[in-house]
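For clarity, chains are labelled A, B, C and D in written order, and residue numbers in each chain start from 1.
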Amino acid sequence: MTPLGAIAHLALAVLLPPLLLGVIQRTKARMAGRRGAPLLQPYYDLAKLFSKGIVLSRTTTWVFLAGPVVAVATASLASLLVPFGEKAAPVSFAGDLVLFAYLFGLGRFFTVAAALDTGSSFEGMGGAREATFSALAEPALFLSLLVLVIVRQSFSLSGLVGEDQSALWATAGVPVALACLSLFVVLLAENSRIPFDDPTTHLELTMIHEVMLLDHSGPLLGLALLGAAQKLLVQSALLVRIAVPLPDGPEPLRWAAFLAAILALGVVIGLVESTMARLRLRQVPMLLIAASLLSAFGMVLLVR
Amino acid sequence: MSEVLNPLLVLVLLFNFLMLGTSRVAAVINAAAAQGTLLGVAYLAMHGGSGVRALALGLAMIGIKGIAIPRILRGALRSQGIRREVEPFVSFTTSLLLGAVATGLSVLFARTLPLAAGDAEALLVPASLATVLTGFIVLTTRRKALTQVVGYLTLENGIFIFGLTLIEAMPFLVEAGVLLDVLVGVFVMGVVIDHISREFSSIQVDDLTELRE
Amino acid sequence: MAIVSAALAVAAIALAAVSGLPGLWLARERPAPDRLAASLLGLGAICAASAALLVAAGAPDATLALPWRVLGERVTVGLDGLSAFFLLPIFGIASLGSLYAVGDFPAAAHPRNARRLRVAFGLLASGVGLVVIARHAFAFLAGWELMALACFFSITAEDEREEVRRAGFVYLACTRASTLALTGAFVLLHSASHSFALDGLAQIDPATGRAVFGLALVGFALKAGAMPLHLWLPGAHAMAPSHVSALLSGVMIKVGIYGILRMASLLPPLAAGDGAGILALGAVSAVAGVAFALGQHPLKRLLAYHSIENIGIILMGVGLALLGRSLGNREVELLGIASALLHVWNHALFKALLFFGAGSVIHATGEGELDRLGGLAHRMPATALLFGVGAVAICGLPPLNGFVSELLLYLGLLHTLVEQGGAPRMLAGAAVVALALVGGLAAACFVKAFGVVFLGEPRSAAAARAHESPRSMLAPMAVLALLCVAIGVAPQIAAPSLEAAVRSFDPGLAAAGPGLREVAPFDSISLGAALLLGALAAAAAVAARRVRWPAPRDATWSCGYAEPSPRMQVTASSFADTLVGILRWLLWPEVDAARVAGPFPEPARLDTRLPDPVLDRVALPVARRLAEASTRLRWVQQGHLHAYVLYILIAVVVALLTTRGDLG
Amino acid sequence: MSPVLLAVAVPLAFALAAFAMRSERARPWMVPAAGVCQVPVVVWLLAQRERFAPADGSWTGLDPLGALLLGYLCVLFGCCAFYAPPYLRLRSERPNRVFCSMLLVLFAMMNFFAVSQHVGLMWVTIETTTLSTAPLLYFNRNRRSIEATWKYLLIGSVGVALALLGSFFLGYAALHAGLGSSLVIGDLVANASSLSRPWLHSAFVLLLIGYGTKMGLAPMHTWKPDAYGEAPGLVGALLAGGFTSCAFVGLLRFYSICVAAGDGAFARELLLAFGLLSMAVGGVFMVRQRDFKRMLAYSSVEQMGILVLGTAVGGVGLFGALLHMLGNGFAKGVLFLSAANIHRHFGSKSTDEVRGALRILPASATLFLLGFFAVTGAPPFALFLSEFTILRAAVSEQRFAVAGAFLGLLLLVFIGMGATVLTLVQGEPLAGRERPAARPERVQKLVPIVALLALVLLLGVWVPQPLEAALWSAARFVEGIR
């Protein structure tokens, strides 16, 4: 991996996420029978936010500022651990899957802390929910990664993605399928998508991620939204690279296939969001535990 | 030997029952005194001829157990006032029955112990154990402090009966020391009872339960 | 060279032991005795650090025979890698703690308690030190008890408070139980080896070895506070003065870990099941510890349950190392022991930091209940920043030190999962999941604690009047925070000490097989940490460029509500409510909630408590029952002389009957 | 007259002198004076131990057990005696003639017991000890103390009577075997194998119960809480440390006859049962005990249990038991004397009224607390060393159940006793009792306690070579390894 490649990778990780959001929104609009906003609408939104000024709450401290900053930084770094179109990620070492998971933990820590920093009851509530559900999502994430660790005998994300997906599906199809399903659930939960959270709702009482951002404005809000979108992209990329065999061709072909797969996943998320209702908050833990059990079952199939 | 001893021991046993059956404190004291005197007599009968020391000891025994100690006890009885009943926790009939059982057990237990040739036919061991047990019965079933001293005295008497077998083994000084200790012990007890009767309204051991858990 | 290092260690212990004594003769009101104690302990720390550095630099193991014989056998102390590894945090935290006490617990403010505490604190440090360098059963137990008693007096420094006394007594009972278990273990050891010396034990027969290890494990786990033997820990940590809590949690409970490691390295190899058992014990302790921490409202009590969690994580490493050793998997053993050891250091650093932070908050507000704090970051910015560093570190998040040791543990578990079969494999898988869950829950818990204490609006007048703590309290915290960052960014600095400790834990492991630096991805961690710091700087730069300073300030947007009050903020209880509800089956929370009914309900309040599962639900009720049963036995001693004589008669009769039984 | 009787004569002479003395103020100083004068005598006797070893058929002499006891009593009394003058000065309202002379008689008789080699003589001395204690217990002259004295006297007398019966049985066992009529321990041991078994067994049972009553083994311990609870602290210290140790040594002498007769196993089982029962009773009755002096009595019951338990385990355990005897005596001295200081200041011995002693009497309360840790066997105090040794013996004899029960009971005792002790010393004094000590606590009342504490600690970390040798030779003597 050349430094240039790494920079390109990083650039993609910063630039691509709004597009993924656009795809999801467009899919949802189409499913609802609307034309929907342009695909690039999220870029316009971000640009607008970055050019605005901000108003801060008198209650807040530096922690409030740290929330969005850390979210973007951690998601960017996490992206370096996941191979996009390339064979191996720019940064890869034994155990980087732990770093991957814990980076998002760091981001979440500061996002939630920033929410609590405002002293608003709504934002605090959102923070509590975020902390609760992600704590439950963590075992599910690790369980699904464990399935792959056992199959691939490797401790890095690049190793888990590996060279040869078709062999992966052939040798351990059922466990890997279960793990992918579980990963998908985790992805929806971690990124506050339906059925866990509705990013477009307007009732503060029921929200998770958006309610934490009530007091953010201008560039800070932009950073926070960008960070969230990056997280979605990075986690989608991981799922895509595990689930979808990329063609064994030249580099540009692989990148193109990767992009197509990512956008296809965006469509799938949009479809899910259009066809499902948001769960009651009390039922959210059940779904996460179910996801853990899926992976656990996959693991039992492997090690029995 | 046993032709002299056995009748004496039977008498000792009779006094045991008397002690258990009587309701007057004075009578109980008298029974213990008579028992002590009998012991001295028995001692003299067994060993009186063997020398001046034995003679002196036998006489001292009669003097202490038959005269001195009962005097102390009677003095204490007099100082305590009007109540001269024994006031046992169990009825006199039960006491007597207990005494009978104790005597029977003593005979049984004594049988399991091998005896030296000379003592084989004597009632010595059963009588001794029965008297010890009688002492225990008095100690555990009689309410008054004074009667408990008598119980202790009876216990000692029982032990002295056994001691009769061992005159040669016990040096004179030790035997005298034992006797003296008993005397002093009862004397101290008498003093304590005196103080108790001054501190407390009556000599009921029942009242002496302030120190408890 | 070797003798120098051992002598330095002894000097450190002696300095610590006398550190509080001069204060007994100096005026109470002056700060001089506090400063003197801190200086003596600081000097001790320098000695200990030099000794540890010498060992890390390769000084050979040293043994020092003291001019002291117990029952004909020379008492020896010694310094090897393992001892040195523990010695460093012991004296480091102790000296920082005594410095902290200059500000937090000055004699002038606590005229009745400070002198006693100063003496006990120094003795506590010296006792812990003696334990880790003892090479003789008797010296070990003497150090152990010195530590236990000094610790008792440190915990009960403020004995005018009823709850302090109660916590102290629970501690005292537990520590005696642990001493007795250890006594049993050493007795067994002596009967097998016919010596008090703690070496050359590898030849004793394995069955005895296991029995010794079992007994010792009970004693050490009691001291370490592993669930379910943790019953003394939350109360003691919560009630002790803060610098004592820091020393307890940071150092003293680690002696239990030291003991387990020392025993395991001395005794003949254990069965795989033993390592697996400790691994499972650690996992249980970690999950249950963090789960119970979630529902705690007093800040120090919350931190105490996190000590149980972290001891669990350390024990997982220990168990993994033993498992690896008995399975012959060198990589697993190395990763297990390295993670356990490194976490010992890490936990000492960040937990001491957190307890200092909690103490600083209590010092400033007089309030330790989470739900009466809030908004302190405005008035105590330095404390907030340093506490925040500790909070991130304890959650095991990069780029701080907690991440490094947890990563090593994950790697060890993953190796087991991939390379072993059967039960160890399943166990490793379960342990990974448990560790992940622990990470998630710990993050939830600490974001709650940090947020509720330092962010938002003050929830009480006391919190609103808070002031920043003096520099003598902040400086120790700053040192600890810097070390947390240093180990997180450059874990290589710990490597020499770690390697020396691993050498004395299992010389065979160090001699053959892969080296620590080959197995542990220290360089990659450094790279990751550097990248993360870079990314943070970049993102911060972007934000700084985009935001126009000073930004206008206004009230928090509260969704249109006109009169928000600080009491409407999320509290610690409400933050954790959902998680506590999900874990209800494990935690059994006690909830007092009034029913709210009708259109105009009465004022109502909600109280939630989380009684300790072992102490409050088992140990205390059982103890109370036993005490009642024994008071019921009092009827045998009611003052009736007749009965007393009867007892004698019964004793005679029964004993005589047994002799008859003998003869048939 | 054997020279060993000099150890009896010196204190007896002081007792007479004290009795004859006029001055109430000077008289108490006779007690420490006797303690001091005793030292050279004992040192001389112990140095020439070989010379004074009991000759055949001699009634007195210094066997290893006696030598150990004699030395130990000298040290214990030497420390405690210095507590008497300051104590009696505080109680100047009461004549101390009887108290001082009886204290010295008690000391003389304990020494006499140590050098007695004749079963009958042992009995006489122990009974005299009992009687001389009665006036000491009654020193306070109130209802409670008279009740305690009465119970002490009666139970003690009954126990001693049983011991007498046991002594007679022992004599008969010899007589029955045709061994003539010697009741000297040495002769009995030498001819033990031909003693009549049934008589020997019954004799041992009775002697165990009799001397056990004096020691305060459960269930014959009932006098102990009353007597210790009401006695002045000084008397409590001498009873709990000295008197019970004498009874224990007596028991060991009889046990040695059993061992010599080849009946050690039988005796050991009995000792084990009484030992465990005593530990359990001591522990159970200490739980929620509010009267701290009674608590000390139950602690003594438990310690006696440990002594016989160690004896029962045998071998190293016996060594441990003897060491424990010394440690217990010194620790009890610390506890009783410091408890007396606390009792005196607060005017109460109930934890309902005494709180926060550390605040009001820092020195005494600290010593009391340290005494508690010492007596419950915290390392590195001597009692830890001895308990460790006993445990070691139990394990090497493969008696794991005993070892387990021992550890469990020690925990029970620690928790039970600790609760009371800590209630007493910690916390705030109750309202109305905050009165601090008028001036720093009187040094004279602290020095003896500190000395005793130093001894317990010293024996824990370093047993001097001669003492270790003496302990070993006593242990071997008991078990017949010559």
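Keep in mind that, in the parts below, a contact is a pair of C-beta atoms (placed from the backbone, for glycine too) under 8 Å apart; a residue touches a chain by one contact, two chains touch by 3 or more.
Everything numeric in this text was worked out from a predicted model, so none of it was measured.
A centroid comparison over C-alpha atoms places B as the chain most distant from subunit A. Taking each chain's centre as the mean of its C-alpha atoms, subunit B lies 31 Å from subunit D. One finds 99 Å separating the Cα centroids of subunit A and subunit B. Remark: subunit A and subunit C have CA centroids separated by 36 Å (rounded to whole angstrom). Subunit A and subunit D have Cα centroids lying 78 Å from one another. Multi-chain contact residues of subunit C, defined as those touching 2 or more other chains: 634, 637, 641, 643, 645, 656, 663.
Multi-chain contact residues of subunit B, defined as those touching 2 or more other chains: 112, 139, 148, 208, 210-211, 213.
Pairwise chain contacts present here: A-C, B-C, B-D, C-D [touch as defined].
Those residues of subunit B whose C-beta lies close enough to touch subunit C in the complex are 89, 109, 112, 136, 139-142, 148, 205-206, 208-213. Those residues of subunit C lying in contact with subunit D across their complex are 68-72, 112, 138, 141-142, 144-145, 149, 156, 159-160, 162, 165, 168-169, 172-173, 176-177, 179-181, 183-184, 186-188, 190-191, 623, 626-627, 630-631, 633-634, 636-637, 641, 643-645, 647-648, 650-652, 655-656, 658-659, 662-663. Within the complex formed with subunit D, the subunit B residues making contact are 112-116, 132, 139, 145, 148-149, 152, 155-156, 158-159, 162-163, 165-166, 168-171, 174-175, 177-178, 181, 184-185, 188-189, 192-193, 195-196, 199-200, 208, 210-211, 213. Of all residues in subunit D, only 59, 118, 120-121, 123-124, 127-128, 130-131, 134, 138, 142-144, 146-151, 153-154, 157-158, 161, 164-165, 168-169, 171-172, 174-176, 180-183, 196, 198-199, 202, 225-226, 229-230, 285 touch subunit B in the complex they form.
On subunit C, the positions that touch subunit A within their shared complex are 374-375, 377-378, 381, 384, 388, 391-392, 395-398, 403, 406-407, 410-411, 414, 417-418, 421, 425-426, 429, 432-433, 435-437, 439-441, 443-444, 446-448, 450-452, 454-457, 521, 524, 527-528, 531-532, 535-536, 538-540, 542-543, 546-548, 551-559, 564, 566, 568-570, 574-579, 582.
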